[in-house]
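In what comes next, chain A is part of two complexes: it sits with chain B in the first one and with chain C in the second one.
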Partner chain A sequence: MASQITDDQFQHIAKLSRLEIKPEENFIKDQLSQAAEYVDVLKELNTDNTPPTFQVNHKTTVLRDDAITPSFTQEQALSQAPSSQNGYFKTSATIKK
Partner chain B sequence: MNLNQLTLAQAKEGLAQKKFSSSELVSACLDQIKKTEPQLNSFVTVFEKEALDQAKNADLSKPLGGIPLAVKDNFLTQGQRTTASSKVLDQYLAHYDATTIERLKSAGAIIIGKTNMDAWAHGSSTETSDYGSTKNPWNINHLPGGSSGGSAAAIAADQAIISVGSETAGSIRQPASWCGVVGFKPSYGRVSRYGVIAMKSSTDSPGPICKTVDDAATLLEIMSGADHHDATSISEASWVRPVKLASLQGLKIGLPLSYFPPQIQPEVKSSILAAVETLKKLGAEIIELPDVLDPKYSIAVYTILQRSEVSSNLARFDGIRYGHDRSFFGQEAKRRIMLGTYSLSSGYYDAYYTKAQKVRTLICQDFDRQFQKVDAIIGPVSPSTALPIGASEGQAMFGEIQDMLVEPSSIAGLPGISIPCGFDQNNLPVGLQIITPQKREDLVYQIAKLFEDNTEYHLQRPKL
Partner chain C sequence: MKITPIIGLEVHVELATKSKMFCGCDASHFHAEPNTHTCPVCLGLPGALPVPNKVACEWCIKLGLALGCSINQETFFERKNYFYPDLAKSYQITQLQKPFAINGKITINGHEIRINRAHMEEDTGKSVHVNDSTLLDFNRSGVPLVEIVSGPDIKSAEEAKEYLNKIQQIIRYIGVSDADIEKGSMRCEPTVNLCIDDQYYTPLAEIKNVASLTGVMNAINYEIKRQSEQFEIDHQEKNSTNKTTRGWNAEKSETFLQREKEGSADYRYFPEPDIPPIIFTPEQIEAIKATLPELPDDKINKYKSYGLSDYDANQLADDKSFSEIFDKIVTQNDPGYAKFVTNLLIGPLKTISIEIEKINPEYFKKLFDKKSELSSTAIKDIILESYQTNQDPIAIATQKNLFQVSDTGALEKIAQQVIDANPKAVADYQKNPLSIGFLLGQVMRASGGSANPQLAKEVLEKLLSI
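On to the complex of A and B.
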């Protein structure tokens, strides 16, 4: 595993995470490298024939009845939105004209 | 004795016999909060007026009728401020009640306030809270542990009669241990996760933090049971506590040698070994387990899986539908989101995420192997007693190291409990953990209850 995270990787991860990293937070890069280095200990264990466990109850495809049940009103759903218009959440434009 | 110092069982009895009213009980807790909160900072929000109003109309026929409850601030409580101790949700009023909250409210509990925690439950100290660290009631220069540090401190300081927290890898047991109270972490899926702000969804387990084993069992009976809102919840009705055992005769209890790492505080070790003697006197056969998988692997598995799930779960906080935007995340959350994004990113997914999921299988198999030899496993909850304020700062892996002895059982989804079993030379509490196979909370309860009945550690209270 590549333990040392480069500046470019760090910027890329921040972008994927939608986080703005201030210059004074650049030390996080070294901490990520340290954590990545720590988890290298897992290489000591052979897992060639071991299946992964995603969660321990091993339930798969849990379905509910396809029935309409009471839910939020439009007013309730919008009650905590910083900005709304005509009953919709308002976001900044994602497509330029 | 003041009313706020009562256990749940004592408070219920007093209310039933009309020795005092729910209003007096709630007032006693609110008075204690006013008196001690400037020192402790256990709460993010206190609902004084609402709690007093509800107390006037308390239905004492219900199992928790009129009882003041402190709730960790990552449980959604409808119409009330719910922050997860992060400024991102500083003004957020929850849209609905978590399933657990709905059940506790139906049982008559009165929510007295929302307790402080590590922001988003990221930590084992409460020092990552955006609202300042909680202080340990036994010594305010020390940490309460975390992430449910506010709930554990509130119970230790008698600011509430009962409380709930949540554990992902130690967040109930470790603060309970450091604050000298009882923290019962159920099997994964025993208690619904619905409405608990998601941290690491594949191990998140809500559970009670209380003054006694029986109080915690009463809460677990109410909180547990299948929930159609949580697809991973166990398809069983509510858990019901079993009968008390007269002795532990015939029970084999395992002591993993790897749960005594080199850095363990000597008084923690001696307290656990004293507990071993107590359990022997009660009839248990103690069997040393020399080959339990080294907890260092669990630290690594937890680090990868927790960050990965966090990066996904916190992606929803976009500041469009509720809360502030992503610039409000603290450094700890940023660090965790970024490491998770890295381990899930193209080219690294198999080396990190898949590898960790495979080692999780090995950890589960290791427990299966040990439980062929023994009925339950015991050990220290934490390698040390409560560390001083500031101990976690600048340490990217603080929580992982503190929680190394509770991470394996969390990763495997096993139930466990922390109960008081001693004090160090500075009078800081030590916690004993009891772990059993999945869905064997009955055995956790029986061993813990008998230990508590035969010791007096849980009766000691901090001087505030």
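On to the complex of A and C.
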């Protein structure tokens, strides 16, 4: 059973991923459809009576005490940032003024 | 056109834990230098592993219990995916399927408002908008946040305000946050639509960026007006895809379309693989319940059983430390006493800041027993002085000669002197009994203010009628 991704779905997924798709890149849609088809294989299994598995290490309730541990310095925090200003990470404007 | 507003509120509360939700960074971010409380976990660096803060989980349960919720013994965290610069990991760790607390309620003026859920999540970073760029501070990123979601049961802006006040009061009572709206440790997002003529429902609008209680009310009222006008134009009804997010512009006092709301499926929620499920046993939940203080509603009911009015009971219960002072003084129903103490606490003692340790309940009782012999002004002065100097109020009253002369013989003597000295006023009184005030004033003056006014009036009337 093929999960053919429609143009609308493709545009929507691109938008959610903040990706700009050029017309010549539309072949990605078919690649995505193929990947989705592959996942369809899993549908062949009947999982009605199988509880969902979120974890495989069988640990529960791993919590930490409320205690402060040392943080990065401001310099360390910003060291990987492509752009910074006055101790802040800097990015292009998120709202139009 | 009959319009019934349908309002639900999402309230976010930052918990006042020492450290953040999933890492050990200092959770206090107010006034801190930007990006000085961060680490690989709250900056979303690759490979960093989150570990939940135990106290934050317990406080979320505690808050849920205070809101009358049931507690899910077994819970787990999930990832909510969306792109925004203040969310470094591009997902927020939150709870969807199994929140810590579900199905609570609070009552406002007899009207029940359902609490659908109270779940644990993490705060985002803070954006500062300058010129053509956005600056980001991740000190707030990962601060523990509880989201409290009400049912769509609120009917007006006024009721929304009362709901928020109540939530804030409960949070402050249990001490898990300062819940300060102006500081941003409590934030509120109303979702509004209308039922028109009992049959049509307008599209839902969720309102963001409301930064004050007045803002919440204004935004709701604006939205009620906007939606009813819009409905008259296009008759559009709500469906599963036309919910919108609107921003609140406090300067213009209007909401504006921000974005089409992403559907729940678009957030691609899935269980957080880095955090194992969390189990709280019934015994552990009971132990948390045992730490709950007497809550505002219980206090109000208790005060009303002492014979106090709704208004007085609410005034006392409004602030936890204030109600604790009252509780130290009044411990049982003693006719008239609760009202007497309330008047002192809400009156003269409200003007100074009182410390519970310095309160001597016995002094209040002593003053109460002698109140018929003291003027109300004298009582106010005495209680203030008694509190400030830690002196017996009776000693103060005696020393300052504040007990009223209730000795009829002594008052008759004074009254007769006043009558003899004021023939004109006596003549006036014979024509108009209401003019007794002047003579009464003279008696009070002659007694140095110590005469019992009621008794003095009776004595005067008796002498003048002869």
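The definition used in the following text is that the second predicted complex is superposed on the first by the 93 of 97 C-alpha atoms of A that agree within 3 Å, B and C clash if a C-alpha of one lies under 4 Å from a C-alpha of the other, contacts with A are read in each partner's own complex, and residues count from 1 in each chain.
One rule holds for everything that comes next: a residue touches a chain if its C-beta (ideal position, glycine included) is under 8 Å from a C-beta of that chain, and two chains touch if they have at least 3 such contacts.
Here the structure is a predicted model, which is why all the values come from computation and not from measurement.
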Applying the touch criterion given at the start, work out whether A:67 contacts chain B, chain C, both or neither, answering first, second, both or neither. second
In the superposed arrangement, does A:94 touch chain B (first), chain C (second), both or neither? second
Quick one: classify A:31 as touching chain B (first), chain C (second), both or neither. first
For A:14 in the superposed arrangement: first (chain B), second (chain C), both or neither? first
Please work out whether A:59 is in contact with chain B alone, chain C alone, both, or neither, and reply first, second, both or neither. both
Touch test for A:41: chain B only (first), chain C only (second), both, or neither? first
In chain A, both chain B and chain C touch residues 16-18, 52, 54-55, 57, 59, 62, 64, 72, 77, 80, 89, 91
Which part of chain A faces chain C closely enough to touch in the complex? 12, 16-18, 52, 54-55, 57, 59-74, 77-78, 80, 85-95, 97
Within their complex, chain A touches chain B through residues 1-2, 5, 9-10, 13-14, 16-21, 25, 28, 31-32, 34-36, 38-42, 44-45, 47, 50-57, 59, 62, 64, 72, 76-77, 79-82, 89, 91
Chain A partner, complex, touching residues on chain B are 92-93, 95-96, 188-189, 201-203, 228, 231-232, 234, 296-297, 299-301, 303-304, 307, 311, 315, 318-324, 326-327, 329, 331, 334-335, 337-339, 341-342, 345, 348, 351-352, 354-362, 364, 396-397, 412-413, 438
Residues of chain C that touch chain A when the two form their complex: 17-19, 23-26, 33-39, 43, 45, 51-57, 76, 82-85, 127-129, 131-138, 262, 266, 271, 273, 275-280
